[in-house]
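For clarity, chains are labelled A, B, C and D in written order, and residue numbers in each chain start from 1.
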Amino acid sequence: MTVDTRSVLLHLGLIALLIVLGLVLPTYHQGNLARILVLATYAIGFNVLFGYTGLLSLGHAMFFAAGMYGCGLAMHLGGWPVLSALGAGIIAAAVLSLIVALLALRTIGVAFMIVTLMFAQAFFLTALYLGEWTGGDEGFVIAQASRQIAGFALTDPLTRFFAALAVFSVALLITARMMHLPFGRVLIGVRENEERTRMLGYDTFRHKLLAVIISGTISGGAGAAYAVLFGYVGATFASVQYSIFPLLWVLLGGMGTTIGPLIGVAFMFYLIDYASGLTNAYLLIVGAALVLLTLFARAGIVGEIRKRWVPWLP
Amino acid sequence: MSKLPKTSRRSLIKSVGAGALLASSPLVGRFASAQSGAPIKIGFQQHSTGIGAAYGRWYGRTTEAAVKAINDAGGINGRPVEIVAEDDGTDPKRGAEVVEKFANQHNCDVAFGTLFSHVVIGSAPSAGEQKIPYFVVSEGHHVASGGLNRYTLQPGITDVKSQVQAMAPYVADNLGKKVTMIFPDFAFGHDHRDFFTAAIEAQGGEVLEHIAVPPSETSFTKYFPKIPRDTEVLYHVMVGPAVLTFVKELGEFFGPSSPAIFGFIDSLEAVDLASPGLEFLEGTYFWEGNPRYAQADQTSHDKNFRAAVGVDENGASVSDPKDVSTYAHMFGCWETLHIIKAGMEASGYQGPADRQKLIEAVEAMTDMPESDAHPQGPKVFNGKTHQVFGVQYISRVENGRLVKVHTTSIEDTLYPDETDYTTQSF
Amino acid sequence: MSLLLETKGLTRIYGGLRAVDGVDYTLAKGEIHALIGPNGAGKSTFVGMVSGRIPASEGEVWFEGQNITALPAHTRIRQGMAYTFQITAIYARLSLFDNVALALGRQDRTDVLGALDRVGLADRAMQTAGDLAYGHQRLLEIAMGVAQAPRLLILDEPTQGLAESEIEGFNTLIRSLAGDTTILLIEHNMQVVMALADEITVLDAGKILARGTPQDIHANADVQNAYLGTG
Amino acid sequence: MDFGPHLLLAILEGAVGAAVLALTALGLSLVFGVMRVVNVAHGEFFMLGAVVAWFIASPIAGHPAIGFVAALALAPLVAGAIAVVVDRFVLKEVEYDPEATIVGTIGVLYIIQQSALMIYGPEARPVEPPFNHRIALPWFEWGETGLEFYYPWGLSTTSYKLFVIVAAIGILLAFWVIMSRTRLGLIMRATQLDRETALAFGIPVQRVYSIVFGFGAALAALAAVLIVPIQQAHYLMGHDPLLLSFIVVIIGGLGSVRGTVVAALLIGMSDGIISVFLSPTLSKILATLLVALVLVFRPQGLYGKKMA
């Protein structure tokens, strides 16, 4: 079996497993998994830039939130139907990521981190400043009745689950495929040694530009999906911590792995959910878990598995 | 501990038994039936961590006290009440997840207790989808504005729009008509800005300047020079951990020559008035949702409420006089739980299948006279807007204590309906 | 013979220091040309400007009759240059296969293995490049240059760190490329230079000191004094 | 208020913020410069300084200055000691790998924050300043009789705020002396320049790292003790200082003390001064974008060398 076939089987198998889980899990965990899938889509978007291209953005919340506001405002103020609103959210995120990329890619390393952080902070403050439309920190609710596609209510747990799975699968398959194409290999080349890659005749700036746009657009798609599926849009999602989350998820799951983002989000989600049932001091447990992970599984969960047992993992 | 320390199981059953013996309601008969031993589970969405934690702690203590009082009096429909507390981290995303957890994992009958508006708004869609009644204690205008859904109600605390507009007549008549407002530059502050500006203009006054302070600001003096010199009344409201800095710097800015100062107690909620630097507040005015200091005309209801929650006559914890409560807001938890009890008893609530009946029963409520269940004062509930309206208090700082100088009427707090949730299907 | 490469007054100034100073240089198609000179003579800076890695302060670079001075490095590479680094610059965490595939621009198994085979590394294709011995890393670097099938191959000290036997293989490889590929070679090892070069240019202090056949250079008194005399 | 006095007030207020920010950022810059790691928990050491100051000062009776001085001496030691423990048991174990350090220190951040919430509680509590007098400031104007001066309404500061500015300048000078004139400073600079060579010269790099990490945390804690009589101690207060010092360090240029101080002044004052002209939130937005654009067009920071 070639690496390619194994990789295809892995991803299709994962999606099949998720379908089964969606059908058999109890309501509570089905709902959780729907959330996890949307957030994992966000993490996948982040991973394109951080895990594969080696660019650490600390401002990805602005892309997630751009998708969320683009979609949410189109429905809330414009009365658009779900699919066009999703499109609006995705386009909003794509445009924003193009602008941010053109400016931020003039910098590298820590300066890139700070520039993205500052743009995201400006975005967050702008969302508050335009409270008349965005509802500021309180945000707004997207009317339950409008959250449906062709008669399928997205508020129905099962429908919502499969909608979330569809969003996740698209992002997963796009990135998995991309990383097999020359374009994706060049991104890895940029991550490993940008100067070398340039001297092999690749326009590394253009590749990085596209990586930011793809990454930002997938993140924005996740934000738009979150708005539609869970019915709430608010500035919290544009705050700094929502830029830090995907970094944490990806590092936990394994940077530069296709399924790491999902594993990272699921691990973190259930760690918080479970620990908060035990004690109010659950952040202590989360903190300890993060420290232990750095000490004993530095490549992240999937990364360690790849390192120790399954070297072909994409 | 996630689940609040409760009365132990044994004492709970004892007290429920006593309640059953004493109670004359025919519903108590159900106590003997097979299912009756099961407690009524109320999911308490608590701000245990995050920016709301100082409020969350007192909301927790009040809730605990109210549940004890309800259980001591025989529970609800003869069944004991159990609180299932989950931390929402004062985060709207986690808030929504917690509501789902209440509905699907803990099998709670209702969800309750949220304060911060963004968590309420973030969680309300989940409550609507899970069809679980969601009783918030937030004072936000979000419920009455019609932005939420039929499952979300605010029967225990008056909303900010009412609070603010009820202040305008007193301010205009007694303090001055040229007002400058300082408020946080996010939704809560914008509510103050919009509603008070309209209300003071209706009284023939005007707002000279709106000074919006950016969120998470920790230093404020630099914004004060925007206060016009001819300001007669300075209206301030601030929230968050930096409130004490805000008020202190306000005093340092004005020095000996300040205009009349009227503030919302939010600016000093959970803060000791005796903190150094607050001396200048002597003689200034505050809105209070519920007077922090026991007043000369204290009702027996307020006395009982303080005793039950463990608050002394200065509004601080009986065990630590420096631990000042969120007295202006936390009564809402107490009153809301009593309304849940009243609603469940009126609707003969048995289990989740009766949730719609519960909501209809609460929607049918109107007058809520001052009582041990409503220690803050009398209220009127509007079933269409799912919002309660109650009297508001204005206090003046005298000798370092807040002394009540004015009680508004309920009429002062009313405004035309902006929505009718009863027309929404369940 | 027609010219492949020409520079006119090519200059690079680093903070007042003229590292390369007005170099006029031509390279004919199909030639193996060696660039020699003492350390700090400006050899790497010169080829850096030719390949576009380092922007020129003054002067022009012409490639196949076109002025490419304004073109960015990756475009020059696309037009038929290849550049191997003086300090090994392979992708240490990727496999040899991936290294060469990136150089090729496609994941064609036959072509990748073919390129690796030319340096004798085909059997190690799935190894992680960073795990190779230093000499093998140099060979991989050369394989990556060769895999691009360039018209101009710039090799910056390719034999540094290679064992005697590997140098022999390297010489063979370069000779097999000659004709189709023009080769510009910076080299310290005079045996390699004498064995491979059709022509030699000597740089000293940023300027061309001498140019000629290996025999001419060997006989040149200036070069003897400035450079060869020391070794 | 008139334009001139308003601007003066904005500058004075900005100077207090900038002074504290400069100290906090210097701690981060030192760690960043010498150890090449990002300490995400840096803000929590700031918070620890304030919280510990409250624990030390509040039970001490008598003049508030006694408690304050005790806090000034002890709180940085406590924060520094905790930082050394973190260095030994986390950072050293991951061999200062940049990514692992980020995740590890995020974990430390949660642990410290949650511990503070459990032990100290969610309230914001004040520490009494050793002295605090309102000082009305005069303003000059050309009038009919030449230079006139008067006291504009509201133009004032406090003696304690002025003390914070002076104290911060003193600490910065002391820091500069330590770094440039002492053996410890020399060792730190040598380690910063080249870890391998430092090792070769027999410098105990591991010990230097521990000292640097502890020293950086202590600087943050010291800054917090200075500010806590003005702003209260709260368990979430570390968030903004972390972000701001991070920004200051990058804008100033890695490893440049001068750059860090200049950037702290720039960041600490910009939104206050812009808000003289525009609405406060809008000025914050513009100040944020301004900082981002400074980096876009000068990626190495104000005083830094080009970063690789």
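Everything below uses one rule, namely that a residue touches a chain if its C-beta (ideal position, glycine included) is under 8 Å from a C-beta of that chain, and two chains touch if they have at least 3 such contacts.
Everything numeric here is computed off the predicted structure, so don't read it as measured data.
The greatest centre-to-centre distance from subunit B, using averaged C-alpha positions, is reached by C. With centres taken as mean Cα positions, subunit C sits 76 Å from subunit B. Computed from the mean C-alpha positions, the centre of subunit B lies at a distance of 37 Å from the centre of subunit D. Subunit A and subunit C, compared by their mean Cα positions, are separated by 43 Å.
Counting partner chains per residue, subunit C shows two or more touched chains at no residue at all. Shared contact sites, meaning residues of subunit D that touch two or more other chains, fall at 114, 117, 239, 281, 284. Within subunit B, the positions touching two or more other chains are listed as 49, 185, 214-215. Going by the touch rule set out above, the chain pairs that meet are A-B, A-C, A-D, B-D. Taken together, the subunit B residues at the contact with subunit D in this complex read 49-51, 53-54, 56-57, 185, 211-219, 221-227, 229, 241-245, 252-255, 257, 270-271, 275-277, 323. Contacts from subunit A toward subunit D in the complex involve residues 103-104, 106-111, 113-115, 117-119, 121-122, 125-126, 128-129, 240, 244, 247-248, 251-252, 255, 281, 283-284, 286-295, 298. On the subunit B side of its complex with subunit A, the touching residues are 1-2, 48-49, 86-87, 91-94, 96-97, 100-101, 104-105, 117-118, 121-122, 124-126, 128-129, 140, 142, 147-149, 185-188, 190, 214-215. Interface residues of subunit C facing subunit A in the complex, by the touch rule stated above, are 51, 53, 72-75, 77-78, 83, 85, 89-94, 98, 101-103, 105-107, 144, 148. Contact residues on subunit D toward subunit B in their complex (touch as defined above): 1, 5-6, 9-10, 13-14, 16-17, 64, 114, 117, 121-124, 126, 128-129, 132, 134, 136, 153-156, 158, 230-232, 234-237, 239-240, 271-272, 275-276, 279-281, 284.
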